[in-house]
Amino acid sequence: MLTYTLRKLLMLIPMLLVITFLIYVGLELTPGDAVSYMVGPDALANMSQEKLNELREALGLNDPFIVRYLRWLGRALRGDFGYSLTSGVPIKDIVFSRLPATLELSVAALLFSTLLGSILGMASALKKGSIMDVSLTVAGMIGVSIPQFFFALVSILIFSFKLGWLPSGGRTMPGYTTFLDRLPHLILPALVLGITMTAGVMRYSRSSMLDALSKDYIKTARSKGLPEWRVNLLHGFRVALTPVVVLVGFRLPMLIGGSVVVEQIFQWPGIGKEFVAAVRGQNLPLVMMIALFTVTAVLVASFLVDLITALLDPRIRLE
Amino acid sequence: MDRLKMLEKEGLLKSRQGSRAVGKFLQNKLAVLGLMVFAVILLASVFAPLITKYDPAMIDLRSRLSPPSWQHLFGTDKLGRDVFARVLYGGRISILVGFGGALGAALVGVSLGTYAGYKGGWLDRILLRVSEIFMAFPQIILVLLLVSILGQSLWNLLVIFTITGWGSVYRMTRSQMLSIREEEYVQALKAFGLSDALIAYKHMLPNALGPIMVNLTLSTAMFILEETALSFLGLGVPLHIPTWGNILNAAQDLTILQEAWWIWVPVGIVISAFVLSINFIGDGLRDAVDPTQQG
Amino acid sequence: MHKNSEVLLKIRNAQTYFPVQKGLLKRTVGHVRAVDKVSLNVYWGETLGLVGESGCGKTTLGKSILQLVPVTGGEFIYNFDGEEKDLRKLSKEEMMQARKRLQIVFQDPYSSLNPSFTIFGSLQDPLKKFGVKSKEERKRIIGDLLEAVNLHRDYMYRYPHEFSGGQRQRIGIARALSLQPELVICDEAVSALDVSIQAQVLNLLLELKEKHQLTYIFISHDLSVVEYMSDRIAVMYLGKIVELAQAEDLFANALHPYTQALLSAIPVAEVGRKRKRIVLEGNVPSPVNPPPGCAFHPRCPYAMEVCKSRVPELKTYVLDGKEHQVACHLAADKVGAPAKSRQAEVDSNATN
Amino acid sequence: MVYVDTILTVDNLHINFYTNNRCNEAVRGVSFQLKKGRTLCLVGESGCGKSVTASSIMRLLPPLSRIEEGRIIYHSEQGDIHLHELAANGPEIRSIRGAEIAMIFQDPMTALNPVYTVGFQIREAFLYHTKMAKAAMQQKAIELLRSMRIPAPEQRVNEYIHQYSGGMRQRAMIAMAMSCNPKILIADEPTTALDVTVQAQIFDLMNDLQKKHNAAILLITHDMGVVAELAHDVVVMYMGVAVENGPVEEVLTKPAHPYTSALLKSIPVLGQSRSKKLEPIRGSTPDPYNRPQGCQFRPRCDFATEKCLQEPEACSVGENHTVKCWHWEKVLANA
């Protein structure tokens, strides 16, 4: 297990290095002066040309490429990601002020989609061919086919504008302090964000469960005289769980990607909304850094998923 | 069961001709339904000039925001353009982008995956790592990143979809090839000393085509969804070209969202129906070509 | 041409190791010694049986001869119409030509034919490669091949799924014969077939051998089948040959304790022949870490001290005027001193 | 004619499979009696219906298949139980499974669950048939493994199946099956996946168990050698039909069915096969969806006549020896 964990970690590091390198190449290739996002805008505004050249020398912008990359990497590791081109705010501040909102949204969506999806999928597999199975299968298919933003628009139209049950956007209102106060704001975006994932997890856990149920050890379990619930849950469900966890890990990038669209529509003040704004404003340093952030998040999350998989499956754990 | 038993006794089930895969696909009602919906939407888009007399770009400020009527089936938008015509013409671009992106990704992914999967070695290891890096990015983030570097245009979008999509096709083709590589007929061809490319592309690839075709349909659906999402955000195909996503872009305006539902609801339904039909076809194909389900 | 006593293939110290990767960086920590210093001669026109349990390296040895797996060491000296060359040292072009002479029949009739191609489509590419340019000519050859294995020549337009297992296996044999090889390796060629079909294929193989003057290396885990087919039989255990003798001698006079146990463990379809079974304890050890000394000693009922430390050499003894090779420290006690050392035999073969 | 020591009677069993929109008569007329302390071998080629017959006794047939006709009766100490009438996964059959009738499968690697320890899976067998405390179950599991000659059972009991070697896996499987001292042990090709030297170990073990517990063993195999070594009685199956049924000495030395006789002539026998040329059976096994009319062996049979277009009935050849062939007398005379 320790070797496995360490190996997975060791694979993570070169991957991150390559990605940061690519991001840095992207940054270098972007038009505009690198100084502009390395120095605060106030300082920059009052600077003469000579001072600027001195600064370039001092900042090492005339050094070889690889040196500049390493220096940049070093600063990034210490939390200095440079400044936003448009607002002049440090990128670090932008990211960290938006992070909680995005985390809240994605964790909510992840939790409900995984739970609901796997339970529905397994139930569907157990009743294979029944009306419930067929309707769930069709519903799942519809779930992955409707564009997320269309789903969002329709739900805003119905639940906010027509019925007036839930707010149409934003994360909070003046005077709201507790999570419970904010909860109504979270429901619609989290539902919309999770719906595709739920459908995906459901379809996958159905086939995973069917696969597990077709295995010989199910027959063995029955041949011991075990009751059906035990056969289905302990031998079927338990084994079918591992591939589902792997799939959830695999789908994480999609969930994070989905939040870009959902945050935009619901005016959710998260990283995704910031990202769209940055792309629209051609604020490339910010675009790059947010991309780097999400990749890192995905890689760390899939590392955690690997660990859970190993805990679930002794064949990996005891390798 | 009893019906089957009777039919079998009478020998009625003995003469079933034709390909098992085709038969299996046609038995799948949802897949056939999907094929029909797919064909209707596709043909309507291709033959748009024959179906509607309106020019999708024609601005008619006298009839702005008019609700659906016999004159304008889906009504008109803020500039008085006929929405029905825009949906039909928009389908051309959206389908082209979706299918083109999937095809581009498949071409790159399959041709690399077939050879690297068969040969293994350093080439395979490097490509595997590279595809891992591409796949670590959330798809839409990578697409937007590339959009902001390359700029917005139809061709750029196709290129970007190819760049972001080849990784998963590569990995799937590769894993297919890895399992086919163990088949004894491949060993036999090796024992005859045939060249690697001949073995990989001529003899092995046809046996991996089933899953590749399934993947092609499913990724077409995915890219259509992605194009519409990007265009909806105003970051996909330039806004002056009608695409499904660009039409929906109007719904970002809260008044339109609330008051002029005909501008965005029909096109949303068309997109959903089209993607759904592709997914049903893909699912039907998957069941039909899956060797484990044949018996 | 060849004479019966002529050696077609000399294998000397063949080693095929597969790396085992483990640990943090997937470093190679050891090797599976699938084939571990095997030396043997294959005589022209004979059938050499290769028998052993799963994982003993018999299939890897077969594939090593064909150079289908990366061979670690040793020599595979093939007799090209009188000219002896090591297969491992051939140029690419020479190896390609050599492949005409060496062919293989596989085990699984279901994976040995390409499901996407007709039989003609599957079989024509090798012919094309080796210079049969006209399509008509290829059709004629493939038709003849199918008839040679008792199938109708029009079957070449059919797809594999239209054939039964036995028919597919015959097509696999036809493919192996398509370039008129000299040496055919039958790798578990009948193991996947039902018993009633097995005999058809076995007899066909015997017939074809007569007709086309073939030499067989017949690999199987089933001793009764190997006995039926072979002139000489080599028994393998953990990558090494432990015993090699004429088929009759091996059964009448097994010298190695492993061969004895193997023979006694095989159920025989004859009532009233219940023999004393030698039941071996334990399992075949891992070929990554074979036991020191004689690899069989942990399971051997006669193991002595020397067996734990010294690897027994494969030595040739003469029993009733016939050569019998065995790698066991006990053999000398049973049958007297070896006739000559293994090396001496090798050298004498090399000179004549 | 039920013997006092008969423990299981299968009478004229018919089973159909309804898959791929076709109906396959997988088993079409199988009858035999299993006796205490004896081993009965069901022998036949792949697809002959021997495994289906075995599964049907435990009512473990897959969905889309059913028993059409015939009876399966378990003669328990509490009286006869008609197994074919029980609900497929109901409480009655569950109380018999594992406790009275146990089963071992061909490939222990797939027949045991990879995510649970071997001990857990053995303890599960006790869970619904005994009232033991958990510690006692664990103790019993260790004892069982020890009696199966598995080294270091205290440690092995907490290991997973992939940590076991091939032979040990099958022994763990047998330990699980024997956990509640069943009266009947059904073994479905238990050694096909194993090497011969390991097969010998397993057969040894099964012999010992039979002697110790006086269990009846139903052994499914395709290997005539295994039949000769282990069976007391044998049922030869071909295309779903039990063509010949009798004591092993009679069936193997005086086969009365042309299929049995041809099969015996087509397999190489160790130690004498160099002197004897094999006589293959011509043709190949028919497609189950395209069966010949009448006797299933007719197209491949040397004795076939017009009469064989009718399905033959069971004829008595000797005491307890029956055969389904119109020409069995000619077959016997020809041998």
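Each chain gets a letter, A, B, C and D, in the order it is written, and its residues are counted from 1.
Everything that follows uses one rule, which is that a contact is a pair of C-beta atoms (placed from the backbone, for glycine too) under 8 Å apart; a residue touches a chain by one contact, two chains touch by 3 or more.
The structure presented is a predicted model; accordingly, all values stated were derived computationally and were not measured.
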Looking at CA centres, what chain is most distant from chain C? A
Count the C-beta contact pairs for B-C and for A-B, then tell me which is higher. A-B
Whole-Å distance, C-alpha centre of chain B to that of chain D, is 51
Roughly how many whole angstrom separate the Cα centroids of chain A and chain B? 24
Centroid distance [mean C-alpha coordinates] between chain C and chain A, Å: 55
Within the complex, chain C is touched by chain B residues 182-185, 187-194, 198, 202-203, 206-207
Within the complex, which stretch of chain C touches chain D? 53-54, 164-167, 194-200, 202-203, 221, 223-225, 227-228, 247-248, 251, 261-274, 277-281, 283-284
Show which residues of chain B lie in contact with chain A when the two form their complex. 30, 129, 132-133, 135-142, 144-145, 147-149, 221, 225, 228-229, 232-235, 248, 251-252, 257-258, 261, 264-265, 268, 271-272, 275-276, 279-280, 283
What residues of chain A sit close enough to touch chain B in their complex? 15, 18-19, 22, 26, 29-30, 138, 141-142, 144-150, 153-154, 156-157, 161, 253-254, 256-258, 260-261, 264-265, 275-276, 278-280, 282, 284, 287-288, 290-291, 294-295, 298-299, 302
Chain A partner, complex, touching residues on chain D are 55, 58, 60, 89, 94-99, 102-103, 105, 107, 110-116, 124-125, 127-129, 160, 162-163, 173, 176
